[in-house]
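A single structure is presented below for examination.
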Amino acid sequence: MGGPFATAFSLIASGDPALMQIIGLSLRVTLTAVLMACAVGLPLGAALALARFPGRGAVIVVFNALMGLPPVVAGLIVYLMLSRSGPFGSLALLFTPTAMIIAQTLLILPIVISLTRSVVEDLWAEYREQLLSLGAGRLRAVPTLLWDGRVSLLTGVLAGFGRASAEVGAVLIVGGNIAGHTRTMTTAITLETARGQLGLAVALGIILLTLTLTLNAIAWGAGQWARGRLG
Amino acid sequence: MKIARDIAPPILPLSLEDMGYAVGGKTLLSGITLRIEAGQRLVVMGANGAGKSLFLRLCHGLIDPTQGRRRWASDEARAEAQAMVFQRPVLLRRSVAANLDYPLALKGLPRAARRETVARTLDRFGLNDLAERPARLLSGGEQQRLALARAWAMRPQVLFLDEPSSALDPSATRIIEEMVAQFSDEGITIVMTTHDLGQARRLAAQVAFLHRGRLIEHRPAAEFFAGPEAAEARAFLAGDLIW
Amino acid sequence: MTHARRFILSAASGLALIAALPATAQDFITVASTTSTENSGLFGHILPMFQEETGIEVRVVSQGTGQALETGRRGDADVVFVHARAQEEQFVADGYGVQRFDVMYNDFVIVGPGDDPAEVRMAADATAAMTAIAVAEAAFASRGDDSGTHVAEANLWAAAGVAPAGRWYLSTGSGMGATLNTAAQVPAYALTDRGTWLSFENRGDLEIVFEGDPVLFNPYGIILVNPERHAHVKAEQGQAFIDWVTSDEGQAAIADFTVGGEQLFFPSAA
């Protein structure tokens, strides 16, 4: 396996602009999708943890199941929505990075919602009486519980990041793997595999893995620090 | 501090009229009729499972009675005029100062007033050195001290305490008892539960004795400890196991 | 509260990131093409020349021929550039495309294990080669994805009077490269365009075992998606690309493109 590692290293060392562009795009698409999913999923998951309404159980089951949504299906749905023949065709978003962000947001959202619900539900069981006593209603409790659950929630956000950065099915369909425009690490790996350039494909895989590893290490370190610091 | 409390409309006395609570067809508390007057120091006693904690939660309004009535003298601002300290206080995962600030922000106090109250509270309870420490990393005694300080900072007219020192060692317990006594001296009405007879003797001005979900005795503490009327209460004081 | 503010900030920065995506270049067209052309590297060779000359950026979405035509039908591309003549003509006849132009051709070859268990090398023509594989029940990896290559393969089976089925017939349902990867592993015979084969590196034991029959020629056509059906189609720029590809200059650029010293595509514009 010296070959692919050497290739990976020389690829990075060369600072090849096309590669840097691909890495940059991958990170931008996935991180933006994670941010969007958090902006929507954290409050929604917390609301789902605290709210009581008929059909709540069904909603929870659906979101849990959607965590296993195949990326290709998510991609296909977004593709049909954004296609010129679809309802949002006039936005001309198909085959753009924005379309990829939307598809990945859709993929991560169920993970963020389900994990948030579970974390916040547990916290609420512990905090409910105290918060009510201090004068916080359910609505007001949401940001408090999210903030107090932040270390556990980080795990869910990381899981979402992992899913988005690893998937190829959705971004391939809605992005089109256009060179220099919508080509990401994973679609580039798919392309190089199809070209029989297995060495290059593995090298790209090593780079992707290294990036993921680095981000996870940073997040884990931050979590450990916060745990020690905040109890 | 006393001034601010006095401006708010008095919510006491609290009248409980034939109050009861049942869940799932099981009656846990029934027929409680009791008046809690301003300035009282009422200790609720009884064996485990007698309904002491439930009684406090019903009074505080965390749950509503399923029968009878719970009536405050003034319904206005009654939520803001009470506070409760739990057996195991829930402190937020933030600093000691931020924990004191939290309920004040909920009340909508302006930032400057909050800062001043937090500073005064830290000072009053000797928490200055701990102000920036994460509250969750304090010792059990310090945590309960902070919970009491937080309740005090809310300027309640009545403070409910549910077994506030049952998980603490004797020296921490003594500090908590001193704080409760001081609060009472400042005019805060105290309603607390304990299963610790010594603590009850030290703190109670009035005693309410619960047995199997019913209030079977309610008298001034001196009379109660001199010789309760109910056989169950006599047995309890004698240290017999009752249920 | 500080945490509430943090949420708003993170949401806002997410939106800002999206807003910061580079403004879509005005002068670009989207071309739906086949994986074989993209994988061979042809576009990397000719598109910079076209962009230099006209300032028009060409964004190539490479798909199977069936999917590329569907992309055109839905109006998600301005131009389709594929190789499945009958389907292309249908595409135009149905009103989705304006007109089909010949661009170039390459040819299909049959690759297989070097020891050639079905003795395909001895076959007189492509039909005989396919018959030999079916009779020997030698493993054959098919695209099975409605691509131009798959359609060509189906035509060959039909000409040989064989309905391929059984354990020896492996329908991969994937692109040319993935199918060749499978064929190299089994090992199995496969029909592939020469371009993909020449630039394909993971050959294993595979070799070309049959080539040269004129029925294996693989013509590429280029079609402007009909602006009457999809008003947003960039007809002017799309036509400019078609004109350039079929011009002397474009044709020369195609003929210039080699992999390992071999020419892959042969100009055929009228």
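Labels for the chains are A, B and C, by order of writing; each one numbers its residues from 1.
To be clear about the criterion, a residue touches a chain if its C-beta (ideal position, glycine included) is under 8 Å from a C-beta of that chain, and two chains touch if they have at least 3 such contacts.
Protein identities per chain, from UniProt: A = ABC transporter permease; B = Phosphate ABC transporter ATP-binding protein; C = Substrate-binding domain-containing protein.
Given the structure is predicted, the values throughout are model-derived calculations rather than measurements.
**Student:** Thinking of each chain as a vertex joined to the chains it touches, would you call that graph a line, ring, star, complete, or other?
**Tutor:** If you draw each chain as a dot and join those that touch, you get an open line.
**Student:** Please indicate the chain closest to the centre of the assembly, with centres calculated from CA atoms only.
**Tutor:** A
**Student:** Indicate the whole-number Å distance between the mean C-alpha point of chain A (ABC transporter permease) and the mean C-alpha point of chain B.
**Tutor:** That pair's centroid distance is 46 Å.
**Student:** I'd like to verify one number: the distance from the centre of chain B to the centre of chain C, where each centre is the average of its C-alpha atoms, in whole angstrom.
**Tutor:** So the centroids are 77 Å from each other.
**Student:** What is the distance, in whole Å, between the centres of chain A (ABC transporter permease) and chain C, each centre taken as the mean of its C-alpha atoms?
**Tutor:** 31
**Student:** Got the chain C residues that touch at least 2 other chains?
**Tutor:** Residues 1.
**Student:** Which chain A (ABC transporter permease) residues touch at least two other chains?
**Tutor:** If we look for residues of chain A (ABC transporter permease) contacting two or more partner chains, we find 144, 147.
**Student:** Would you pick out the residues of chain B that each touch at least 2 other chains?
**Tutor:** Counting only residues that touch two or more other chains, chain B contributes none.
**Student:** Under the touch definition given earlier, write down the residues of chain B that touch chain A (ABC transporter permease) in their complex.
**Tutor:** 57, 60, 62, 79-80, 83-84, 86, 89-90, 92-94, 102-103, 106-107, 134-137, 150, 154
**Student:** State the interface residues of chain A (ABC transporter permease) toward chain C in the complex, per the touch definition above.
**Tutor:** Those residues of chain A (ABC transporter permease) that touch chain C are 28, 31-32, 35-36, 38-39, 42-43, 83-86, 89-90, 92, 94-98, 101, 143-144, 146-147, 176-179, 181, 191, 193-199.
**Student:** If you look only at chain A (ABC transporter permease), which of its residues touch chain B in the complex?
**Tutor:** Against chain B, chain A (ABC transporter permease) makes touches at 126-127, 129-136, 140, 144, 147-148, 150, 229-231.
**Student:** So in the complex, the part of chain C that touches chain A (ABC transporter permease) is made up of which residues?
**Tutor:** Residues 1, 3-4, 7, 10-11, 13-14, 17-18, 21, 24, 30, 35, 38-39, 43-44, 59-63, 73-76, 175-178, 180-181, 196, 199-203, 230, 232 of chain C touch chain A (ABC transporter permease) in their complex.
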